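Should a chain be cited, it is by its letter among A, B and C, assigned in written order, with residues numbered from 1 in that chain.
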């Protein structure tokens, strides 16, 4: 069991969030292990995005804890949590719209390049060297994700599908250990969805743990090693994809049986 | 496209610098030099407000920082007997430190509220100058600020009693400002600063310390306001609370917006156009604000990118014609 | 003791005038999200309006002086509201979303309005007196009728405003837009009309402030600069878009100013007002009752 515990990357303990009278998340417990792809599903308004916001520090939980890599990150600021290697994407396309694709990814590198205020400024040989390395890193990510051809476009000019990919690229540049994706294939056509599934698999192969919220069951079943199901903020089921598919409570929640 | 723009900016910049250096040699008129000096000082100030503007904050404390720079420099030279050549950078640094202390708590405030809080800061500064007579000279201000002390460079004895040397002094400080700002624009710091107003949420999620970056911009802006203030005090030889009120910040904003904030040319063009207009219209002084206001409104309506976007705009107009 | 009461009366008048100006600003900001730097210039126009209509008699108004004065104030409000509506339509509306553009354009407007009045009417202060002269005496304590009239008029106008906002169809519509513009849009409200109404009423409120102050002090092209700064402090104190907040904020700022300047001097008073502003924003970055912009 000790060996198993060491493999735990993210642990959610008794997490709750109330908005006024509404319990958006209630006493939620689950964990992800290193290298897994875990799905977080549930009907509209189940509290999935709220869980993401709680984990990444954008919302403060009413109760409970978030442990990431053995460190208690509850009540910490988003940028502090990001520094620990926990990244998330957003349900809507949130990008630096007035910047080019390349600059977007470059900004994602911030955590690992720091300020370099003086260095950038003085433009020494070392700066040039670092700049080259940085450019290479950015290009590598863009090639990996298939956005290389579009590198000089403004983010706002990209198609919806490309924008969603760019959102992921920015987080990849920040070198996450755990990547949380909020509905990565929403609004995509079948081909784009397939590409995205492939991309997520590739990301996972790099050793990055993935926590994914998605309404598309085909995508979820195709990708996830394990699934957690939420309804009205509460966990109603957890298990392997096959188990979840056959779980009576899940079927009930999705069919909306009163 | 982008590269073409940059080379154009560089060319115009080099042209401006060259004419800045050469002009006084052919046109020695002190009145002309005086106007140029004013333009240089205001350009430095406008650069300071622009660097904060690109992070999405409209800093109305810039007028107050200008005053603080002027008073610091006046006090350092008059009361402590420092040389101008030390008090110039010292004022910049002092105002930068002041901005660090003031900026840390207030940069959390956003939008219209930030404008108001920085107005408030300028106004509080002003009341301090007026009330603290022993230090700042009260409502009259400090008079008799010395001109910069003479220096010897390469066997040349330069005294600052005439306009020409001061012209070159202000030009050098402006060039330094342009150099720094241009570097900044093209560096990662510049990209990061410009990204801040686009999405704070995204920046936070990838670990960019937003507040720290805003503070850096705020402090850099204040540093240059401090330098400009020092020049101001030693050029006019006084520092008076009436000169440093909140309307100054609005004028800087106006110059920045009319020139355009996209490239470093903007603040210079804005200051050149509007301040020389002030002089052209000197006979019709009471009409000047009306003309300024109308230009401002015209630019906002038809040239939202400022004067520097004029070539682009003309280009697209021409293209449209050809079609 | 006398000084205390005198200061209190002065503070009350100052507060009420400030409340008028601030509720106008508040309305424009709350409904259209326009930060109008030229608001003080509408106040200034109000002062000139009262001077023109009542003192200069540009229109052949007749009747007893008190009646003519009241008529002048009403005419001034209507005229300034009209100017405000035109300005909003032509200049401000298109920049509604952008704080930077709005600030710059209203600053330009401020320059134009100040300079135009200066050119038309000259630099000298215009002093004139209202028909309410003499003092009301209560024991050994006196208050000028002029000030009393200003106090009463302000209260009446605020009551009318309260009635309009809470009881009439258009007032309710305006409140709806201020609270949730999107929902109001869905409900099919006529935004053009609401914006014009808000700007008109907002400017009229500033104008009546100027018209009431005009005879007590004097009228000049720059008289609007100081009140508008204080009005900004008031709406930040009271919360953008909340009229009740503007009333409370107006009293806090007006009384602070009156008492601090009587007992410590005007510099301290201005400083106190702005220190309140800075303090409030530091504690709550979006104002007391504010929400994220």
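One rule holds for everything that comes next: contacts are C-beta pairs under 8 Å (C-beta built on N, C-alpha and C of every residue); 3 or more make two chains touch, one makes a residue touch a chain.
Worth saying up front: this structure is predicted, and the values here are computed from it rather than measured.
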Inset, instruction - Treating touching as the only link between chains, describe the layout with one word: line, ring, star, complete or other. - result: line
Legend entry - Among all chain pairs, the one with the most C-beta contacts: B-C
Inset, instruction - Could you put a whole-Å number on the gap between the CA centroids of subunit A and subunit C? - result: 50
Legend entry - Separation of subunit A from subunit B, taking each centre as the mean of its C-alpha atoms, in whole Å: 43
Legend entry - Separation of mean Cα positions, subunit C and subunit B [Å, integer]: 33
Inset, instruction - Hunt down the residues of subunit C that sit against at least two other chains at once, touch-wise. - result: none
Inset, instruction - Give every residue of subunit C touching subunit B within the complex, in rising order. - result: 29, 35, 37, 91, 94-95, 99-101, 103-105, 107-112, 114-116, 118-119, 229, 232-233, 236, 240, 265, 267-268, 270-271, 274-275, 277-278, 281-282, 285-287, 290, 293
Inset, instruction - Write out the stretch or stretches of subunit B touching subunit A in their complex. - result: 183-184, 187-189, 191-192, 194-195, 198-199, 201-210, 216
Inset, instruction - Within their complex, state which residues of subunit B touch subunit C. - result: 53, 58, 105-106, 108-113, 115-117, 119-121, 123-124, 127-128, 130-131, 246, 250, 253-254, 257, 286-290, 292-294, 296-297, 300-301, 304
Inset, instruction - In the complex, go through subunit A and note every residue touching subunit B. - result: 56, 58, 77-80, 82-83, 87-88, 90, 94-99, 103, 106-108, 110-111, 113, 115-117, 120-121, 123, 170-171, 173-174
